[in-house]
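Structure provided below as structure tokens; questions to follow.
First chain written, first letter: the chains are A, B and C, and each begins at residue 1.
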């Protein structure tokens, strides 16, 4: 029981973090038709910027400044890179973001080195929020949830209450209509790209110290975020939300489960032959591939994704 | 063998809440040249999309040469001998004119997905593509990438791709739209030539073309067919007159 | 009507290429050069197989290494299975086993990935790639864990026509043979109904359906065949290095082949050949000179995406057209004039990056406090002097490049309009 509750809380925390990434990715994709391959790189930049700022003036200013910086970098990338690549078509755009991801990783190597940096949770947030049965739930996880939910509310308000939000919403449901607006909206594109990357940066700020801040973090999270977007349905914010939580929970539950495949089959009454390598694997060992297997299953049985409207 | 080339019954199509095709019944006989006219937004292109399976139908039945084709994929319908053109030019932009046409004949000549035959050794495919190229008057542009052809040339290629497979049921969606008078005349003569002996269904706005070419005409207004008849009868049909009052049909009849 | 079965120009090109490939190790005898040539040959096959997807069918894959890597592993296991009793002839045939493995992987995985095209395909290929890479870590029995799987390509008691494949030069011969066969086969494929329909599906999948083709089937078949050739490349890698690690099928390898293919040019059959050769040389030569080579790589790639999205092959093709029209002479002085300030700009940038690297990536503790060797020059990196100098050079280069580059562009546009004007 405690296992379920704690894992659920952990899963939701991680899922919300994933949603901060996948929501930005989805918004950018719906508005601009660009799949930002480098999205997780902005997540990484957020973490590193926050780390750097925290070594100078502390964690709290970084919480605000780092995402803004990342957003500014994102906007600049859109203005001076993507807009040009756009002229050469979709493949060029995708390749541009691919190259960007590669470049960001190298720049991070160059500036901060190849090993993890010591980006820590601030002391104020270090501790136990509450204990359930015998397991502690750290304050920082609660803080992450708070930030994510706050961001969610802000995003919702932005989308439903402002003019730009309405345009973005129109883009979500009727992409052709915004395409018809065409090149009259480069500023909105820049804002959306900057905003989406700033969201990713914020996720990096709060995720970087909860997990580790190292050059491989972008690649590790990036492919999971893509899985989220495919599972949720390309271009669907609601789908991205559900899929983020789903995959967040799958990840945390599976990591904590020590059952082996043989045990699982035994529960349903099938005895697997002893000794094969597959049968001895535990769910924990399977954890890294579960999201991808979910993706494959979705693709076979529900190619639109959970809530996707568009067939692409 | 007596079944009509196309039989559409009770056909409906909704886009979200809006009904665009609202119960269409239509029989098109083999060998007939049939024109579909109607105001913009009536649903003519949508009707073509439904028959050719570009869009899924909401309700109703479509038979092609006596066979139910609802639920089939576009390529399955193409293989059953129905070929269509598009109102908005839909060609292979980076391929040459010749390659465009050769791609269009490969399936019907039975080459399927072959990766063990050399294209240049397929004499029948080459000859057929060249014959079509001659018919549509683009031999001069044989090796030009389709994407840089002029508008009229692209429209001709569009028709060429449609007829190249030798399908016996042909749907043409506004083949002469946007052409000048002389271009239209040439295109009509070409269409008449290449569809000789085939079933032709054509959406067309130019009334001169319609009344000159069609054996029968259907008038589609607001998702429903309000009349299907021979040109002379359509000309005098009161309902048609009403629907078209003051529009191009009038001038078309007058001329 | 030009219906000669083998046009003479093409025959000459192929023969010349093969002759050059055979002659190269005679010219460069060093072990280093021969290894480099081996790597090139393998990458040429791999990149060409990748372009069957990207250039010919319009499928941008982020997981192509899967077919290459699985081909390599199966080849290695087969080699070890054959064991001592085998013969060099069997070893020579092993890349085919790799190819079949890659093809089989294509049959299974491609069924899922090719359901979609475009962006969705790109994402799914990435996911499948990650899936297989993660599996590789889960099954150390097959994939050999961290250490990989190794073997020995010299087996059997007798040689085959004098070959044991032991010496690197003999291995190179085997690679050339397979690379040539694979290249001919891949080129032939572009001239078949399936190959042409793949182009059609790339250009306009909707219309392809309306001329009777199942686009999903076309993509699927192309992916399977591409897997075959990627697997052959993988088999050659296994034999060449005699060790296969999980690295061969991960995202990094997929990224490298994409890079090679794109830089070479996806619009021409020979583009990936150029890319594979160029990038392999750069990897080894620049990689040997500087630690920052991946950074240069990234910059070069972005530069190509933004400035020459058709890759090197398309640049060559344009020059060829100019030459045929007798206009190349008009452009050459402009090229030279632009090259000079570009070199200045590059020198400045490279200086900045190298100094940054020396300072930050810190070779040793307290980098920058003492004189550090950068590009063969001793310099004090915590003093502003060297930085100002490099910045100055870069700025000068930038200004000159913009100025002269602007004039070159004007000349270029004029030449192009002459070229097109002549044609019309």
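By our rule, a contact is a pair of C-beta atoms (placed from the backbone, for glycine too) under 8 Å apart; a residue touches a chain by one contact, two chains touch by 3 or more.
Owing to the predicted nature of the structure, the values given are computational and were not obtained by experimental measurement.
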Quiz item: With chains as vertices joined when they touch, what's the shape: line, ring, star, complete or other?
Solution: line
Quiz item: If you average the Cα atoms of each chain, whose average lands nearest the overall Cα average?
Solution: C
Practice problem: Quick one: point me to the chain whose Cα centre is farthest from that of chain A. | Solution: B
Quiz item: How far is the middle of chain B from the middle of chain C, if each middle is the mean of its Cα atoms, in Å?
Solution: 45
Quiz item: Approximately how many whole Å separate the CA-defined centres of chain A and chain C?
Solution: 31
Self-check item: Interchain centroid distance [CA atoms averaged], chain A/chain B, Å
Solution: 47
Self-check item: Touching residues on chain C, where the partner in the complex is chain A
Solution: 54, 58, 60, 62, 112, 115-116, 118-120, 122-124, 126-128, 130-131, 134-135, 137-139, 141, 251, 255, 258, 262, 292, 294-295, 297-299, 301-302, 305-306, 309, 353, 356-357, 360-361
Quiz item: In their shared complex, at which residues does chain C touch chain B?
Solution: 3, 5, 188-189, 191-197, 199-200, 202-204, 206-215, 217-218, 221, 225
Quiz item: Can you name the residues of chain B that touch chain C in the complex?
Solution: 52, 54, 73-75, 78-79, 83-84, 86, 90-95, 99, 102-104, 106-108, 111-120, 122, 161, 164-165
Quiz item: For chain A, which residues count as touching chain C in their complex?
Solution: 29, 35, 81, 84-85, 88, 90-92, 94-96, 98-100, 102-103, 106-107, 109-111, 113, 219, 223, 226-227, 229-230, 234, 277, 281, 285-286, 288-289, 292-293, 295-296, 299-300, 303, 312
